[in-house]
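Dropping the structure in here first, questions after.
Order of writing sets the labels: A, B, C and D. Residues in every chain begin at 1.
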Amino acid sequence: MAPVETRLRVRYAETDQMGVVYHANYLIWMEVGRVEYWRASGLRYRDMEREDGILLVVAEVNCRYLSAAVYDEEVIVRTSVAEATPRMIRFDYELLAADDGRKLATGYTKHVFCGADRRPAKLPQKYHEKLGIKKNT
Amino acid sequence: MAPVETRLRVRYAETDQMGVVYHANYLIWMEVGRVEYWRASGLRYRDMEREDGILLVVAEVNCRYLSAAVYDEEVIVRTSVAEATPRMIRFDYELLAADDGRKLATGYTKHVFCGADRRPAKLPQKYHEKLGIKKNT
Amino acid sequence: MAPVETRLRVRYAETDQMGVVYHANYLIWMEVGRVEYWRASGLRYRDMEREDGILLVVAEVNCRYLSAAVYDEEVIVRTSVAEATPRMIRFDYELLAADDGRKLATGYTKHVFCGADRRPAKLPQKYHEKLGIKKNT
Amino acid sequence: MAPVETRLRVRYAETDQMGVVYHANYLIWMEVGRVEYWRASGLRYRDMEREDGILLVVAEVNCRYLSAAVYDEEVIVRTSVAEATPRMIRFDYELLAADDGRKLATGYTKHVFCGADRRPAKLPQKYHEKLGIKKNT
């Protein structure tokens, strides 16, 4: 699937005393991008969690900061799936400033599919196609 | 019971671009104070939630900001119970700067005791004495 | 001016282990509503802060929680100005669930206009009309 | 210098609806660890920022999540400097549960020393020794 773009506006609460966005918030924006990727794939993460008891447990995050985001500017989160198996999924992200197109950050998150007990579990078959998981994996 | 004092140090993440602590963080500090009040009363909020399925659902918060807290300073949260019945509890807070004693804020939070379904429930008898709830209330 | 409505979607990061939104986040949503009220009035809070060195320092917040917001639902923040003088401004808020219209919370925030030194200052005349501040106040 | 250990207690605000700590908070804990590393080296990050206008701008973060931290448990942040030059510094972190010693996460953050204008700048000589930066680098 093509990358999915989401837009959000920087909140005052997300800035710090350097006058720019505090770096941990980029991870929250990645989460926003991920959820919208889900929705664009015809899935709703909330339902998967509620109805099938499938959790996407974060195993690793990485973010490289290229340019600081500032208060009240609009940010584009461009999310794509780099790898997906019935056991795990990796998302890649590009964060861009909507106004001038400068690249704010790049990063990725790796997740393990888990059951409600937070132990690794296989993602049910019905989700495979929508997430681009090939047969016989 | 006498007010319970807790200390915490202002985190960089808690500042905003005004160069001081973002106001919503005071509510989180009140929560820190509340949990330590619980502990000082010989209770552990975590256990109450886990073992008895009792939740402290926030019904109202109020905070008056008197002086801005700054990065890396130590803050004292002074917590007391203003009112407690088997149905609800109200905590009062004073936030002080440890270094120079200036008053940062005063506030209160009201909570309704609820069951695991988030519906109002009576607080079990065994907690009453420790929270100063009088008999026959 | 009529109340201004803003919409936002609940982030995973905003939930807590009760399975609903952590209460302090409502204050951040109020801030989102406030900024959009500003924008709807033809003002940009960022510019006022940058160009005129005017800060909106929070003096008091109050929030009554009526129904818990849940992950991934859409929230409407309805913001209005309850009172405004060249010295201070008070905003009132209603938070509603977009799907079923239930009222999540009501609240207000009071702010003092301050200069870049964080000391009280009079709001420049040019902002008065847009914020509904009457002449000779 | 030997790794520096800091302790903190998990706040309710830091949990999410999975019932464990939301992953972005680990980055905030790393920041807490870093500031205490600074202090243990005889430095105060706040003073460096205020007096010399030196900012530690985050260039990259990485975190691998090994075991979920839960509400109210005590966490140890073990911080060390992996690399330091007059231009940049890299911190490594281990996050451990104080009670049972299980490893929660490992990670690193890379920072560029910048001036008040957020442009790369050389770290003043007087800080070199305390941060273990060798001469003639």
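The definition used in the following text is that a residue touches a chain if its C-beta (ideal position, glycine included) is under 8 Å from a C-beta of that chain, and two chains touch if they have at least 3 such contacts.
Worth saying up front: this structure is predicted, and the values here are computed from it rather than measured.
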Message: Let me spell it out: compute each chain's centre from its C-alpha atoms, then which one is farthest from chain C's centre?
response: D
Query: Where among A-D, C-D or A-B does the B-C interface show up again, with more than half of the contact pairs the same?
result: A-D
Message: On a C-alpha centroid basis, what's the spacing between chain A and chain D, in Å?
response: 24
Field: Rounded Å distance, chain C centre to chain D centre (Cα mean)
entry: 33
Field: Gap in Å, rounded to a whole number, between the CA centres of chain D and chain B
entry: 28
Set of chain D residues in contact with two or more other chains: 12-13, 18, 20, 24, 28, 31, 71
Field: Complex contacts: residues of chain D adjacent to chain B
entry: 9, 11-13, 28, 31-32, 35, 44-46, 71-72
- prompt: What residues on chain A touch chain D, complex-wise?
  reply: 18, 20, 23-25, 27-28, 31, 55, 57-65, 68, 118
Task: Show which residues of chain C lie in contact with chain D when the two form their complex.
output: 12-13, 15-20, 22, 24, 71
